[in-house]
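First the structure, then my questions, so here it is.
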Amino acid sequence: MNKSSNKFRHLIWPLVSLALLLLFNAIFTDNFFKIEVKKQDSAQAVQAPSVPGNPSENNVSAVDPTEAAAKAAAEEVEAAKQTVQESAGQEAQAPKKDEKGVSIFGYYLYGTPIDILNQGSKVMVLAIGMTLVIATGGIDISVGAVMAIAGAIAALLISMLDAGNCVGAGMGPAWYWIIPVAAALVLSTLAGFWNGMLVAGFGIQPMVATLVLMVAGRGVAQLITDGQIITFDNPGLVFLCNGHALFLPFSVWIVVAMYVIAGLLTRKTAFGLFIESVGNNERASRYAGIEARRIKWLTYVICGFCAGVAGLLAASNIKCADSNNAGLYLELDAILATVIGGTSMAGGRFFLSGSLVGAILIQTLTTTMYMKNVSPAIVQVPKAMVVIIVCLLQSPVFRAKVLSIFASKAAKGGVQ
Amino acid sequence: MNKFATVIMAAAAATLLVTGCSKSDSSKIKVGFSQVGAESDWRKASTESIKGEAEKRASIDLTFSDAQQKQENQIKAIRNFISKGVDVISFSPVVATGFEDVLKEAKEAEIPVVLFDRAVDVSEDGLYVSFIGSDFVEEGRRAGRWVLKNVGENANVAELVGTVGSAPAIDRKKGFEEIISNYPGIKIIKSQSGDFTRAKGKEVMESFLKSPEADQIQVLFAHNDDMALGAIQAIEEAGKKPGKDIIIISIDGVKTMFEQILAGKANCTVECNPLIGAQLFDVVEQIHAGKSVPSRIPSVEGVYDNVGGVNVGTDREPVVTKKITQEIVDSRKY
Amino acid sequence: MKKFKFPMRYVPISATILVFFIVYLIGIISFENFGSPKVFLDLFVDNAYLGIAAIGTALVILTGGIDLSVGSIIAFTSILIAKMIATGSNALVAIALALAIGIAFGMLQGWLIHCFSLPPFLVTLAGMFFIRGCGFIVSEESIGIKNDPVFNFIQNDLTIKLGKGMNLRFIVIVYIVVLIAAIFFSQRTRSGRSIYAIGDNELAATLMGIPVGRTKIMTYTIAGFCSALAGVVYAVYLKAGNPLNCVGLEMDAIAAVVIGGTLLTGGVGYVFGSLFGVLVLGLIQTLIVFDGRINSWWTRIIVGLLVLAFIFMQNLITKISKSKSKSQ
């Protein structure tokens, strides 16, 4: 038991901040926790006003933080089950969902907390990859541009297929969306491979190496779409961020699946240990026989893949690829989420669950400011302050200093 | 040896830049144009209109520069146009302020300047010859008048503001508020920035629809079509009918928005015409021929909705809305 | 081997200078009027603010840190000055206040970074959001500075006219003075050498008795000052303030410093290099404007490729110099 509490120690401060923020909303924002159950009817979802006969899911008001945590844990378990059932993960799950976007039970949840999860899914996915990269002592500031590339290629291919003048035209429209999705993921993985090559292969500092793609990537995305915003309405692609499965937005399940896979990969195999050792001391780990380069390279590839998934989600959300704005400055949010979650920017220590909590915290903050009618001009100021406060709380040096103040006060009290 | 390698690499880097050499033909009118960027469909249409028109006219030699939404890039571009020795400079200012010095420099070099799309704020006259383009404040006013005439004197409005601090966002808000300020029954109950993008428009609208005031929102006023398009998705997902449960009005008039209006999912869009390339080069040719041109040339713009026949101009200068039909949608280029 | 040996540490910067002249030559051959002295002078006028910001960034990078708040501080100081002048304050008071805020903000960032060992990337990122938001609080709208006696004096009386259309502006003089001061500071003073020592190996510097904390905080303070001064120069340059300006400028500054031969890991490089980094970036932009046919997205890709070419070159050189020092 003691061991597990240690394991979750890094989560305390972000969770406390998140709980405080939620508490603030519970008190000051009406309807914040109002969650309705709606019936899925793809195009014109019938408004189902809260059904009184459904106590478990209905109007869950002001969930208390512990309950929320418990719920989250339950979700994870459920997710694990689900991924086991659907074995091959995301790619294999996909065909099932395609029945006109109707969820398995035909019902889904609707409310602000659900929105936070859905809108936050992009940063959560990014944060998973970013966590691994930062754990090796690196950084990837190109993920926003890679998102734009992924969205652009997916939208371009789907519009070509929809127009029927491409190879996949023989397949039914319910299937060929796989091609653009696969192409986007392959391309973004290649982008990650490129970053990895510069960092691990050529030994260039991560920030400069990924700066190249950050600057050029958005140009590539615009080149792909010829500078246009490409809209699409392919049900399969739209489903990614707009559809629902098992009561929740599908994007949430993607996050859960990726989290579980990344968790298994890093905690059940030696990969996680290797990452930490490379982040701690690259030379020492090389002497210990770890292929430090390959490990680093791999983390950038994973990060690129995650950026691709996030790019697909972003494009799916608004049913179009907007190369100029997709994922703009999202690399910063992903880094913030990772650091808020307790991962050290110096490398050597990482917490995937912390990064997810960090991403949710950032999204909750944004949504809160929309709900509270905070003037758009000052939105960035409270965000910066929360970030600094959470990071200070996460800093061992800060905690030691504050503790020593308390300790000296207590000591004085004791003397008196 | 290393030094040799370095030189090779440096030369390689430099040659990357050379895409070709252009010696210009002296009989042509050399025009330098600095565009804001490529941030939206609207802007893209505007760029294409200018480039396409320049290619059509044998008399024009266009040097086009993209400022990527940065004023600093635009000023550099204008200075370079002066150094290059173009005959006419034209640009679409990123913001209203900060162009005084560089315009003075152009005046010293005796290069006429034509503003396009947005006006600049300068303290002395004669720094530019003419301004072609829309009036953002008037666009806001038209949107306000449309709401007044079609929804009535009592309405709760949610507003999707453009990028904070940008000229269209400030002016469109100003114009809209100017009209509704006379009618206490029309209230803006929600207002947030959607950054002129679809993604943000959708995200902000989602949060509006879950706020305590959600059921009171009758009208959505978006500062551009992209944000409105995002918001339409959010409204549908919330189980409401866009265009009916919530009246939607926005500005720009892009094709996708026309389609939505035709489908009954939106109500009105105030046109802000990007296709003024022809107008621009007409003016340029007149200036070059030594003719005088008016200092303010309004672009030809309409207002499109699903009703038709509503006067959204003033009594003196009426602007009557056009009802959207399939033909109008099909004839739209952007 | 009595051959003349070019010191390895000067190679990256010499290469950048060489590239600058090659690009310049290409421009002169390709385009008429490119060789006019006005183009060369405009490079300084249009990039003075970036150059000043890059000086601060260079010093911070030499300590092994990073400063992302540069662009936001420029926007904030320019809008603050414009707003104060618009509400009737004296321009000199406004400039002094803006510089003071820049210094205080830099110091605060340095303090947070050193005292709580927070990562510089994160602190300055939060600083970037914070100060940009503060700019919007001062004014959401851009404000022009009109008919202010101080600004008119700077504009009219402190400008040296060199010929028709060619003015050596005061802001260029400011840039050159600050650059010389920074070069002297980093090469010839004890604190300057401490910066190099910390960037090279912080632990070793601590053990040698170098005041690491003080030096680091001082460096971020100087960076804050440079950013604020860049903001002042920017306000003079535009005669306006705009809270939306200079978004992402920190990346330009970092790129300029990297192109100028400074290693992002710290300890290696020269402040002087940032001058040519800035000039190369400016020259590329000029070339693209003169050409006038390249699409904007190609511009981005070309800049990306150029940065890549430079880092490859640097990488090569560091490897060679390392193997040389080993063989010796």
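Order of writing sets the labels: A, B and C. Residues in every chain begin at 1.
Throughout what follows, a contact is a pair of C-beta atoms (placed from the backbone, for glycine too) under 8 Å apart; a residue touches a chain by one contact, two chains touch by 3 or more.
Just so we're clear, the structure is a prediction, and the values are computed from it rather than from any experiment.
The chains in contact with subunit B and with subunit C alike are A. Annotation: A-C is the more contact-rich of the chain pairs A-B and A-C, by number of C-beta pairs in contact. Separation between the centroids of subunit A and subunit C, computed from CA atoms only, is 34 Å.
In subunit A, the positions touching at least two other chains are 222, 227, 377, 379. The set of subunit C residues touching two or more other chains comprises 136, 140, 295-297, 299-300, 305, 312. Subunit B has residues 37-38, 164-165 in contact with two or more other chains. Of all residues in subunit B, only 37-41, 44, 161, 164-165, 190-193, 195, 197-200, 202-204, 206-208, 210-212, 214, 226, 229-230, 233, 236-241, 256 touch subunit A in the complex they form. Note for the complex: subunit A touches subunit B at residues 29-32, 34, 38, 43-48, 110-112, 115, 119, 222, 227-229, 231, 242, 314, 317-320, 322, 324-326, 367, 370-371, 373, 376-377, 379. Residues of subunit C touching subunit A in their complex: 66, 112, 115-119, 121-123, 125-130, 132-134, 136-137, 140, 251, 254-255, 258, 263-265, 295-301, 303-305, 307-308, 311-312, 315.
Taken together, the subunit C residues at the contact with subunit B in this complex read 6, 11, 15, 18-19, 22-23, 26, 29-34, 36, 38-39, 42, 45-46, 49-50, 136, 140-144, 146-147, 155, 164-165, 237-247, 249, 282, 284-297, 299-300, 302, 305-306, 309-310, 312-313, 316-317, 320.
On subunit A, the positions that touch subunit C within their shared complex are 139, 198, 202-205, 207-209, 211-223, 227, 332, 335-336, 339, 345-346, 377-381, 383-385, 387-388, 391-392, 395, 397-398, 401.
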